[in-house]
């Protein structure tokens, strides 16, 4: 006959096992999807209906990732969505290894200008970034990172919600611009070093 | 004045920092490429010429991953190549989240033809697949799925190691073609039934 | 008389600059000392006794032109410099976060499409085979074909129309049936027209490997892509 102590230890061990498996499942889901997943999607992977349980699990996983202090991070986005991605600081160092088509530096500069100055007229963007910017704007629209809006004879450009999500930024314009300012300041500090 | 002890501690800390950064860089490279990388590629990310150093670092990272005991693993393949991937047992559980195809149908057809007939001249591929194939070939090269080689005035196309890795085929051309033929024949037989 | 044939002194440097306008354009006006040029020009003219009022006129004209160029440059310098647009902060590029994504294409997908591609390849093979054995050397037929070729568009339309009628809109007809009872030259002409029609995508052609019969498919065909 088993003693109560032994039973408790075994139960604890099996609970830990279960937790590990569930965390691994969430990690697997975030890894393969390569996009933000909402609680519903994560629930379906874990075969549970409890959003609360999944939320707790994701938080544990996020913390584990943060503690490991490596190249990957799990972020929480608006509306309780979660994404696994490479930390931005590593991007320039490993970009060349990506086999998917990426945007090159030119369009990315135009994007950051639009994000920083939005809402901004297309005319102004072209003045500042040069005539190549027409092509960049087309490309950025195709990728749904920016959207244009006709106002009289001019086109006003803004970033999209998809853009905010992709970068884990706020959907509120003022907050986003503040966030971006911090990003750019960090960046220029690093550049100066 | 600093004591020798303090200096030693500081030196050790900075060495640990450096190690962490290097491990994170390797992790970053393996994560974004999504394919096996050889020591040369990893050396270029770490900006070092010492394959031995990189090998040691990858082994440490492999061990870390093994100890974490989660959904991801780093494996060593033939010819000192390393890959970060989802453990096979998790694939069935998260497959439903994977919906984006590697390529759309047109380029995929061109790729399948090149794989089956390789080494094959670009001219022949365009003859069989039509003029769109020029665009497909460009795309497939960008995605590192095929490579072209000039032979006199014509270009000979072949699939890459990445192609073989992606579809789980041999790197040896003759073996790969035999594998493709076998699977293909099995497949056509089943279709005819 | 010999002096008249000799090149006048003012066509030599440094005075030649006043007489060769194309050279003038290439020089910076500030580098030309007009006072020196004109003084020495007069001195030289007096010394040699080659008094030529036309040359003096041209020299004067050129001097005026150089003055004009100099004053234009001066005016340009005096133009108030345009205010520089305030320097705007240009943020660094925003690199998109990199996320690995597993893709859904499997080897089964690859082989599914391969099947279709290889069917297309077979078709091209047979089209090629048709071209090689059936055509007699061009020298046999070309002289007689001249006028015919000029009317080829009309002939193609005629043939396409009759093909469509024979298959009642869409369908397949054998080449042997199409040319039954025709003379050899007519058969060849019909065949060439078929190649043109196939090239324009109006019809599809293929040849049976064993019977060597050529089949002509007219109307909507399943897309090759």
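When the chains are written out, they are named A, B and C in that same order, and each has its own residue count from 1.
Simple rule for what comes next: contacts are C-beta pairs under 8 Å (C-beta built on N, C-alpha and C of every residue); 3 or more make two chains touch, one makes a residue touch a chain.
It should be emphasised that the depicted structure is a prediction, and the values quoted were computed from it without experimental measurement.
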* Structure fact -> Min distance from chain CA centroid to global CA centroid: chain B
* Structure fact -> Per mean C-alpha coordinates, the chain lying farthest from subunit B is C
* Asked: If you average the CA atoms of subunit A and of subunit B, how many Å lie between those two points?
  -> 24
* **subunit A and subunit C, separation of their C-alpha mean positions in angstrom** => 46
* Asked: Roughly how many whole angstrom separate the Cα centroids of subunit B and subunit C?
  -> 41
* Would you pick out the residues of subunit C that each touch at least 2 other chains? => 98, 100-102
* Asked: Residues of subunit A touching 2+ other chains?
  -> 31-33, 86, 90, 94-95, 98, 100
* Note which residues of subunit B are touching subunit A in the complex, please. => 20, 23-25, 27-29, 31-35, 37, 41, 45, 68-72, 86-87, 90, 93-98, 142-145, 162
* Asked: Residues of subunit C touching subunit A in their complex?
  -> 88-102
* **Interface residues, subunit C side, partner subunit B - complex** => 98, 100-118, 120-121, 124, 224-225
* Residues of subunit A touching subunit C in the complex -> 31-35, 83-86, 88, 90-92, 94-95, 98, 100, 102-103, 105, 108-109, 111-113, 115-116, 128, 166-168, 180, 183-184, 187-188, 191
